[in-house]
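In the two assemblies presented below, chain A is common to both, partnered first by chain B and then by chain C.
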Partner chain A sequence: MNKQFDVIIIGGGATGAGVARDCALRGIKALLLERLDIATGATGRNHGLLHSGARYAVTDRESAEECIRENMTLRRIASHCVEETDGLFITLPEDDLGFQSKFVDACRAAGIRADVIDPKEALRLEPSANPQLIGAVRVPDGSIDPFRLTAANIIDAKAHGAEVLTYHEVLELLREQDRIVGVRVIDRKSGEKAEYYAQIVVNAGGIWGHDIAKKAGVTINMLPAKGSLLIFGHRVNNIVLNRCRKPADADILVPGDTISLIGTTSSKVPFEEVDNMYVTADEVDLLLREGMKLAPSLEHTRILRAYAGVRPLVASDDDPSGRSVSRGIVVLDHAKRDGLEGFITITGGKLMTYRLMGEWTTDLICKKLNINAACVTATEKLPGSRDDERKVGRKLHAVPAMQRESSIYRHGDMAERVAAETSAERSLVCECEEVSAGEVGYAINALDVHNLVDLRRRTRVGMGTCQGELCACRAAGIMARKGKYCTRRAKADLTDFLNERWKGMSPVAWGDTLRESEFTKWIYEGVCGLTNKKEE
Partner chain B sequence: MMTEYSENNFEQCIKCTVCTVYCPVAAVNPLYPGPKQSGPDGARLRLKHPAFYDEALKYCLNCKRCEVACPSNVRIGDIIQAARIKYSKKKPGLREFTLANTDLVGSISTKVAPVVNATVGLKPVKAVMDAVLKIDHRRTFPKYSQGTFEGWFRKHAAEQAALPKQVAFFHGCYVNYNNPALGKDLVKVMNALGIGVQLLEKEKCCGVALISNGFIGQAKRQAKVNIASIRKAVKEQNLPVIATSSTCTFTLRDEYAHLLDIDNADVRDGIELATRYIYRLLQSGEAQFRFRKDAPKVRVAYHTACHMEKLGWAYYSIELLKMIPSVELTVLDSQCCGIAGTYGFKKENYATSQAIGESLFRKIEESGCDLVSTDCETCKWQIEMSTTKRVEHPLSILAAALE
Partner chain C sequence: MKFDSVIIGGGLSGLLCGLRLARAGRHCAIISSGQSALHFSSGSLDLLGALPDGSVVENPVEAVKALSEQAPEHPYSKIGVERFGALADEAAALLSEAGGKVEGTSLQNHYRLTPMGTFKPTWLTMDGYVRSDNRVLAWKHVALFNAEGFLDFYPQFIADELRKTGIECELHTFNMAALETVRRNPTEMRSSNIARIFDCDENLDELARIIKAEMGDCEAVLLPALLGIERTDGVARLAEKTGRPVAIVATLPPSVNGIRMQRALHHAFEQAGGTYFLGDTAVGCERQGDKITALYTVNHGNIPFVADDYVLATGSYFSRGLVAEHDCIKEPLFGLDVEAAAERSGWYDRNFFEKQAFEGFGIKTDKTLHGLCGGERIANLYVVGAGLAGFNPLAEGCGAGVSMLTALHAADCILNKQ
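The block that comes next holds the complex of A and B.
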């Protein structure tokens, strides 16, 4: 592999992927390094909400405007990752209805369509909403799948010449006098170390960017803020539900693919904990209690799992106390800020603004490299979103309906690449989410899958109600057959995968969720002879 | 132990897949996704978008064996039928109309029974029905009787009313149009117990064929008429309502509430199967039979119909048959015969239907029985067409053995 690049991007979240794609489309030779798999940090651990910006309209006009602009852009360029559900901001008897007009005015001022609708009409549109609501405003919220979005950016970046290395962790930044010239990395799978060189290194590491900056010898004041969420077993609502009040905990319920999500909590956590987030019983209580106010039926809905992510909040440079936090995009040119050439940090922002973050970063890179190329990411559609899905559906008419629709929902026009000729290819690996053997094969061959968790991010294997009970061993079998690993490593991977599933279930392990996980344990321990002990 | 049905019943599924193991269709027809996929798994996907509805759900024959097998109390069969009702874009046609309107077709046919019976048996007629209606030409059609059971009963209503104890009889279309003899047998058996039989104030077809063929509005209208009459019998006249057909009984008790949103909770316990009513009466010691001493020995093989299995009441029919001194009883393994009402008549289901029943037919032939007995009329048609044996309802066998 060539060791010299124009740009090295550290971090395979939406931001890093967005920078890589933008660079590749502008003809800049980029290498993206990710210490785990793509979308494993904050990118994959949020609501998956396609914000209209309404949530920020009252408190942060600038963010709201950015959101609605990017919202409209993403509907166009990433249609296969987006579901245009719309959102309702509902006022409950305990809320101040006076806030509604202030909210609507702020939305409109920021360019966000906001229609006040009759409470009865709101309930007709979204029957799961709390029937006691006294006010409702309809806004252009939606849902967005962060895994698919990141993956599509990676696919397109690679198609335009970028190189992507997952499971490569940066050990140190190589420095020559006042310039960063490259990185020293370790391949976490093989243990091999290597050095890569570039004119510019971009730190897009999210909360881990704090440490990356430290390795470069500069300080960025970041504040890790944990946000916990609950995943419900099926779609409770088909329209995003928000509370029409000042943003608070657990006041957004988002329908995402086959499930609904409630979140989030918000609490500061120490840096030592960011690699091992867990959800506490108090957080589960809070999420359920508040969630039931949005949609009372949540009380009786099965909860699949709980998870938490870490927001990379950045303290303003002019506030050393770290209390004044920006949610806006922060591009740090360390040459200007710290006198360190060849190093840029892109942070702050949100999933919604990943593309804009990529654009601003790439603009700065171009300036530094003296390249004159305009950004096209706001107009060039992502792979998967280029062809009409109905047309793809007609081409795949021979595939059983549930499988065909699921595959198109996940991969958009790329669903055509999923082999579905033979009955073996059409047989199901994951029955809850209708993932076929053909789709698993496609992911393994074309989408940088190294283990079952990677496979899950690309296909939803193990994300349904059974949480791996039926699909995990089948998927591991296909991985082994495709030469990804030997039997011993397949068993170890299976154990890791099931433990990772259990981690999310344990905070909500009661009722049917517990019954099902006990059954899973019985299958894997009792029938498959899998143990939790690491083999020699 | 789970005893309750939650609001989101499909979420109780823990994917053990035992339903699919017990599904007679999944075993023989690869086009059918099986009860787990079609039921709880599909329900979750259909909540996302109606496009996830798979027309292959039409292959479900609604035997409910999946529900019997389920250890988690998931109403799998109901979920599948409800999805067909809600999402299917296929509108019922002339064939469905003909098959589903057992009442209408029956009342016309009984008036000209010899003509109808002779005509539908003719090869050219079968060929036309196969080509035009897609009703399979290999199927033997049930015979219609000359005159209805209701017609016969009207002449005997007064003498029945004279008996001190009374039951109301839901005869169903089969007894009325095809086999009035079974209705007469029921009357004979009940009279032997000192009980008079009366009919409901108004009876419509229970609607099972309407539901499975997509005529939900009509099914609801008929269900309302039936439940109103049943309510009058059960609540006002304090009469138990009994039926000889396992499927009619099951439909009145369970399908009305689960699929048609008809509230029958107050009368559900008042509707039961004739054999169960009789068995429990005998057990209470209130009445007993006197059997013929000269009855010829007969070897009977009992076949448990799917809806008998779902009701959990095959026991009563089996025990009644065992009481008959002249009957030597074999109980066949409980399995679907493949006909499922109108399902097996449809051309596209013929092969599936016969493949499902194949091992049953073989076991019947091997059993060495003289006669097969079952509580379901359509099982009777299927078994009589597919084996060399005659099939009788337990009550007919019982009636023949009484003094």
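The block that comes next holds the complex of A and C.
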């Protein structure tokens, strides 16, 4: 592999992927390095809300305007990742109805469509909403699949010449005098070390960007903020539900794919914990309590799992106390800020603005490299979103209907590449999510899958109500058969996968979730004799 | 409806209890909502594989004394060290005769071959499965066959483990027209559906021909457990037609041989004069003083089941014999006293494969397995099987044993009352 690039991007979240794609589309030779799989940090651990910006309209006009612009852009360029559900901001008896008019004015001022609707009409539109609601405003919220979005950016970046190395962790930033000239990395699978060089290194590491900056010898004052969420076992609502009040904990319920999500809590956590976040019983109880106010049926809805992400909040440079936090996009040109050439940090922002963050970063890169190329990411559609889904559906007429729909939902116009050709390939690996052996095979061959968790992100294997009961073992078998790994590693991977699932299930393991866990344990520990004891 | 005994739950525990009572001349009913743990059996039944402190058990009868010292509330401790060995042998004999042939002794665990290729200690193994007395196969060279497209069995796991012990393994897949029919629907390639095609002699004989043509000079042939759901002679017939020893290994659920055992026990219970209410669920009861006087079910509405004695054999969480809510664990039918940690954070270990506290929770009883309500014993209600408190079926390798022995123990308590 060539070791010289124009740009090295550290971090395979939505931001890093967005920068990589933007660079690639402008003809800049980019290498993206990710220490785990893509979208494993905050990108994959949020609501998956396609913000209209309404949430920020009252408190942060600038963010609201950015959101609505990007919202409209993403509907166009990433249609296969987006569900146009719309959103309701509901006022409950305990809330101040006076806030509603202020909210609507602020939305309109930011360019966000906001229609006040009759409470009865709101309940007709969204029957799961709290029937006690006294006010409702309809806004163009939606849902977006963060993994699919990141993957599509990666696929397109690679198609335009970018190189992507997952499971590669940066050990060191290589420095010559006052310039960063490259990185030293370790391949976490093989243990091999290598050095890559570039004119510019971009730090897009999210909360981990704090440490990456440290490796470059500069300080960014970041504050890890943990946000916990709950995933429900089926789609409770079809329209995003928000509370019409100042943003608070657990006041957004987002439908996505086959599930609904409530979040988030918000608490400061120490840096030592960001790699291993556990959701506490108190957080679960708070999410459930507040969630039930949005949609009372949540009380009796099965919770599949709980998880938490870490927002990379950045303290303003002029406030060393760290109290004044910016929620906007932060691009740091370390040449200007710290006298360190060849190093840029892109942070802050949110999933909604990943593309804009990529654009600003790439603009700065172009300026530094004296390249004159305009950004096209706001108009060039992502792979998966280029073809009409109905047309794709017609091409796949031989695939069973449920499987076809699931596959198109997940892969958009790329579903054709996934389609199983023979009856053996159509055999289902995961019944909950209608994932066929063919789709698993495609993901393993073409989508940089290294383990079962990677596979889950790409295909939804093990994400349904059973949370990997039988499909995990089937998929491990296919992975081994395809030569991804030996059986010893397949078993270790299966153990890790089940433990990873349990991490999300244990905080909510009562009712059916506990039943399912008991069964899974019987099958894997009992029938299969799987243990977590490392093999000698 | 009047019975001598009504058993709620028609799994291994409920069936053995009912069988023992019915054969002793009692007029018995079993109310069963459907599937049981036998539907995902490994093909083996465990009695005692390890003590609560983790030490490995070779001889369960010898080890039960130490168990009762470590865990006085364990169901085996309640049965009593003296009674344990005899009861285990009676349970094994009853199962073998009524549910299908099993092999093993309570004096020495043997080993079964898991779908992961490892050996696990156990007590009784159903006829036809691979078993070993010393964690080594009897053959030096085996051929493993799997149905093409069958994802619930992955022979490579087994082959790689066996090779470590110096055994030569060859992997083969088989295909036939009848399998293509099963494959047409993407959800159908499951063990029980495939097993059905081998109920037909013609298909089983075609499999024999395929194996014979491909097996080379191997000493034995290993297959997933799917050789017929009705027939019991699948393994024997293949062995006869191929001229080699044939043995089966457990698949992911459903367990074909477990289903067959469930059906055989069900049949034996009815042969003994019992009445099996399939697809019915007990939902309520009446109680007077320290006695249950009536039981109500979904299907029978306000017509009560009335009996001298009631046996609760509804299992643990999966079968809803225990119900976990976000702040407590309950026994939903009679509201019996349950042993469980009060705080939810005390239910779990973060490592999935560690002993989980919730597995040890369950229904409290006295020595004669009477259920308790507010600390008071209910004189005509017995609790048996997986719903009991005080044991960990996986870590201690005692799930089936607890189900079977408590079933017989409760039956004896009922019979000895008169």
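In this text, the second predicted complex is superposed on the first by the 535 of 536 C-alpha atoms of A that agree within 3 Å, B and C clash if a C-alpha of one lies under 4 Å from a C-alpha of the other, contacts with A are read in each partner's own complex, and residues count from 1 in each chain.
Following the convention adopted for this analysis, contacts are C-beta pairs under 8 Å (C-beta built on N, C-alpha and C of every residue); 3 or more make two chains touch, one makes a residue touch a chain.
Because the structure is a prediction, the values reported are computed rather than measured.
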{"item": "Touched partner set for A:E431, first chain B, second chain C, both or neither", "value": "both"}
{"item": "First, second, both or neither for A:R488, with chain B first and chain C second", "value": "second"}
{"item": "Partner chain(s) touched by A:W522 [first = chain B, second = chain C, both, neither]", "value": "second"}
{"item": "Residue contacts with chain A in the superposition, chain B compared against chain C", "value": "C"}
{"item": "Partner chain in contact with A:T531 - chain B first, chain C second, else both or neither", "value": "second"}
{"item": "A:C466 touches, of chain B and chain C: first, second, both or neither?", "value": "first"}
{"item": "Which superposed partner A:S423 touches (first chain B, second chain C, both, neither)", "value": "both"}
{"item": "Partner chain(s) touched by A:R302 [first = chain B, second = chain C, both, neither]", "value": "first"}
{"item": "Touching partner for A:H234 - first (chain B), second (chain C), both, neither", "value": "first"}
{"item": "Chain B versus chain C as contact partner of A:P400, first or second or both or neither", "value": "both"}
{"item": "Residues of chain A at both interfaces, chain B in one complex, chain C in the other", "value": "400, 423, 428, 431, 470, 515, 519"}
{"item": "Complex interface listing, chain A residues touching chain C", "value": "278, 281, 285, 288, 400, 403, 423-424, 426-429, 431, 436-437, 470, 473-474, 476-478, 480-481, 486-488, 490-491, 495, 498-499, 501-503, 506, 509-511, 514-515, 517-519, 521-523, 525-532"}
{"item": "Interface residues, chain A side, partner chain B - complex", "value": "233-235, 257-258, 297, 300-302, 400-402, 405-406, 409, 423, 428, 431-432, 434, 464-466, 469-470, 512, 515-516, 519"}
{"item": "Chain B - residues contacting chain A, complex", "value": "6-8, 10-17, 30, 33, 36-37, 41-45, 47-49, 51-56, 72"}
{"item": "In the complex, chain C residues that touch chain A", "value": "37, 40-42, 114-118, 120, 148-149, 151-152, 154, 156-157, 160-161, 180, 183-184, 186-187, 189, 250, 252-253, 255, 316-318, 320, 323-326, 343-345, 347-348, 350-354, 356, 358-359, 393-394, 399"}
